[in-house]
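In what follows, chain A forms one complex with chain B and a second complex with chain C.
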Partner chain A sequence: MSLQRRIRRSAWLVLAPFFVFGLAFEIIPVLTLVRSSFSGEGGWTLANFGRAFTPAMVNSFRNSLQLSATTALLGVVGGTVVGYAIVTARSRFVRDALTALADVTANFGGAPLAFAFIVTLGSTGVVTLLLKAAGVSLYPSFRIYSVSGLTIAYVYFQLPLMILLIVPALLGLRREWREAATNLGATRAQYWLRVALPILAPSLLGSFLLLFANAFGAYATAWTLTGPDVNLVTVQIAALVRGEVQLDPALADALALVSLGVMAVCVLGYRWLATRPWRAVP
Partner chain B sequence: MAYVELKNLNKAFAGKPAVRDFRLSLEKGEFVSLLGPSGCGKSTTLRMVAGFEEPDSGEVWLGDQNVLEVPPHRRGMGMVFQSYALFPHLTAWNNVAFGLRIAGRPAGEIRRRVAELLELVGLREAAGQYPRQLSGGQQQRVALARALAVEPRVLLLDEPLSALDAVVRVTLREEIRRIQSALGITTLYVTHDQEEALAISDRVVVMRGGWVEQVGTPEAVYAEPATQFVASFIGKMNQLPGVVERAGEGWVRWGDRRLVVPPAATAGLAEGRAVVVLVRPEAVAVAPADAGSAVPAAGENRVPASIDIVTFLGPLTRLSLQAGGQRLLADLTAGDRGRLQRGATVQLVFPAAACRLVAGESAGERR
Partner chain C sequence: MRGRVLWRAVALALFLAFMLVPLLATVLFSVSTRWDRTIWPEGFTLRWWQAVTARSAFQDTLLNSLAVAAATVAVSVALVTPTAYWAHLRVPRAKPWIEFLAIVPFGLPGVVLALGLIRFYSGVPLPLINRPAILVAAYVVLTLPFMYRPLVNALEAVDARTLTEAAQSLGAGSWQTLLRAILPNILPGVVNGSLLVFSTVFAEFTLANLLIGTRFKTFPIYLVEFTRFDARQASALAVISFVVAWLASVLIIWLAGRGDRPRETLAAR
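Then we have the complex of A and B:
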């Protein structure tokens, strides 16, 4: 066996754990999901998908889509502004500290995040009580256990995630582009509208899609914070699997497959944007 | 009145001077190059003219207007950057049209002007391509067309060819000169490549450490370098450090030998004054060691030397020789090469008229 062939074989061996992991936790679950969602008592069927589009389920999709779009948009706008402030900060310490903070908070989600919001903005939360003492009553006009509360909680991890995604793109904006635009007569606003934002557009859109997918798939934060009060797809799937109201794994799988389709559209959209010929920055 | 006048420009970064007392006048249609090694202040000077850097002191006059208070986007300067700085999301056509659209020119005029400029730089076919689909040379042509589109009063080029390979660089520099001549646009060009500067400029400004060392035509800068630095930076130069022996006769003591230079060069210099005799390699002839009389002819220098390296350079052969304890160069045309070989002992012969004298400059000494 030639040396080259041996090297190639050992390279495959090194990758073997990855393939085993991918097979066990990605491929097989998806195949099981597909099989289960198209299965019924009499064999193959589309009935599960028929039940996935009842008014209650459609409403859960609508809520999930709205919540994901809103928090992704807020994350993109807020994250870009904060990201720009970070990359233009004069102090390296401030830059590094804010980036590290974004790194930590982007990964802070699920039940702990929900609990943090309950103890701060819940009906007896610290901030709620402090505001009340200052004469500002959040409740009952605002409730952390509602869609608007959920939006705030989601933005908590969406915004730092956006910062992490957009900072490399903002750093990729070259000084010469601004100078060239200025030299050609553009004002600061014209530079942003005609040069910087169009250059950043693939990154902004791609990040929006990733944030959208991130929010669409989130479950623990929503369940811990609002329980069944807010009707989201992930909450519906969990309820159907756990059998709290009714046990219907096949319907849960159908809902999960539709969700998977939404995620796939986001990821493919992101990939498409990443390969545009005019894409200049990461 | 000069078309562009830079008066006593000074600029320092973090207390370290980058440009010092820079003065220069450009006539309309003139092509002037700022030439010098990295960090000599040439790009900073250009950026002060463009308005991207604010001088600590000094003035930038365009005609009868001091433009220091004019924001960069209203100065009417067209700039070409080293890294091209093309907008990656726009095609070549839209890059060239950018400034015209900002200026709110009518669509018909934009179409005509962009087509004209892409034709001028030979890129009509590439109009629909994005920057990353173009070669480096093509990108720089688009950048040039883009800078020219807005009909700037002055064209500024900041090392526009340094990112390109040698062949493209030569072709493009000729293109730049052709276009500049055709349009008659006043041009300030920054480069660290002395060959490039000499080839395309009307005048060259040699800079070092923020100071201007010499301003002159390429011929003058090459033939009559004002300082030892200019002599060493522009082309190859033999530098023979010595002291004035007899000013009236044009004698200079170089080690244990006497060199003869034009008496006018030593006139007024005190005997014993440290000087450097400069001789271009092409002015040095090589004669057999035993040739000629022991006493050199009047106005001629003869120096015994041994050949170290013989380098074939196409139209000429360069000899590297040891003479008087230092390395000297002699460039011979193919016919003069004869049977010169490494290790041979020869005489270097160069006339006094080919010698130029500059003040000796000790290490680190500057003004």
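Then we have the complex of A and C:
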């Protein structure tokens, strides 16, 4: 073996602890789930996936997909509008303060957030009482401990994340493009539909996928707010982990693998859209 | 023209209200004597704060969370810093693999990671399952993207190659170079990553709940238990969680603001 190659080999050795750690606590646990969900008594099988799709599980997937799509869409639309309002605000203080607010609140989530919404929109919540005084009764038609309550709580962490994701793309919209469009006789609507949105499209789609994954994998907020009442994929998997349901390991693993597939599509799609070079003008 | 100013003011005001009302309501609720019949608290008191902080479980869970968060930061810094530096300088071909390991956690729901860890480590004769050690390991994985990204950005910003060559021409060994020449220069990246890791771990509920559960209670687990039986004291705990997350973010923003100057000089060069 040449000396140079030996040096190159030993250079890889320095990285060994990191890769051993990653294999041990990240890759092998996932591969364990893959193997167990595809194996049955007679070797490889797809039977576990068939058993995983009981009505309750199908329902949990429907709820999770619906909740993720709704909150991702609300996050993308709301975050883009607010993000555009932030980057075009004239006062530097307003821009800095609101970006900082998005930065801070994007890290809020889980149990404290769920609880904050109970205090705000619960049956005796602050906003509930205020609206009641103004003659609007939220309850009993609305409940914070429901899918619609969860939607509001999820939007709370989706919105600031979207703002952080989209602001760089919005800053990339050149003033000259708008002026050129206006000079050529385009209305504001035409400018947005024909110029700005097509340029923003990859960022919007990528952000949607990331927000979708963000909601799909979430558990703590849902568990604190609604417990087992709202049937989500993560709630089902957690119940199987804790052994609250008749333990069927292969079934839990199959369920976990399907949700991993959903997450993988989102994250890979996001990466592809984020790293692909896009031409602004076709 | 006026219409354009108006929509912006409305959008920003709605955003501000939606983000701040739940937080302010929780803070106010935690110091209210009673606030479930009137639109403004009937009176103010520190009773709930005194009651909840006096419990020994409060101190235990707070210390547990601080310890787990500190241990995660320590392991993550020790593991990721030399790796990122070495790959950046000597083994660029390893970078895509490291990047892969640092991206997977984005697509790995906490419940799935917990399930995988339990499945594998309950069948292996290692003293890990149901121990805080496996929780720390899971947290290092979960927060890998938060530690790796700022480190790589910092390494790319400081021209690590020239620094290394300078240190080694003065006779420094590899570890000496890393600790005495590189680390001080990429410290903002290390601190930024550490703060993100710390605040994420401090607030994490899913893995703590599923991997260890009641044997080793962390602060978020304590908080969730409280929301089930005493809302007022739970609100004080929620405020503490928000303050910790807020402090970490403010520190990161402040450090980034300070870091602007050297970046500008780099760009000017």
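For this structure, a couple of remarks:
Basically, the second predicted complex is superposed on the first by the 241 of 282 C-alpha atoms of A that agree within 3 Å, B and C clash if a C-alpha of one lies under 4 Å from a C-alpha of the other, contacts with A are read in each partner's own complex, and residues count from 1 in each chain.
Keep this in mind: contacts are C-beta pairs under 8 Å (C-beta built on N, C-alpha and C of every residue); 3 or more make two chains touch, one makes a residue touch a chain.
Source: prediction; values computed, not measured.
Of the two partner chains placed by superposition, A:L173 touches none, neither chain B nor chain C. In the superposition on chain A, A:G185 contacts chain B only, with no contact to chain C.
Contact with neither chain B nor chain C is seen for A:L205 once the two complexes are overlaid on the shared chain. By the touch criterion defined above, A:V195 lies against chain B but remains apart from chain C after alignment on the C-alpha atoms of chain A. In the superposed model, C is the one of chain B and chain C that contacts more residues of chain A. Contacts of A:L164 after superposition on the shared chain: neither chain B nor chain C is touched. Chain B contributes residues 50-52, 72-74, 77-79, 81, 83, 85-90, 98-99, 102-103, 130, 132-133, 146-147, 149-150 to its touches with chain A in the complex. Those residues of chain A whose C-beta lies close enough to touch chain C in the complex are 8, 11-12, 14-15, 17-19, 21-22, 24-30, 32-33, 36, 78, 81-82, 85-86, 88-89, 94, 98, 100-101, 103-105, 107-120, 124-127, 129-130, 133, 156, 159-160, 210, 213, 216-220, 223-224, 234, 237-238, 240-242, 249, 252-253, 256, 259-260, 263-264, 266-268, 271.
Residues 174, 176-177, 179-187, 190, 194-195, 198-199, 201, 277-280 of chain A touch chain B in their complex.
Partner chain A is touched in their complex by these residues of chain C: 7-8, 11-12, 15-16, 18-19, 21-23, 25-26, 28-29, 35-39, 79-80, 82-83, 86-87, 90-91, 94, 97-98, 101, 103-121, 137-138, 140-141, 144, 199-200, 203-206, 209-210, 213, 220, 223-224, 227, 231, 234-235, 237-238, 241-242, 245-246, 248-250, 252-253.
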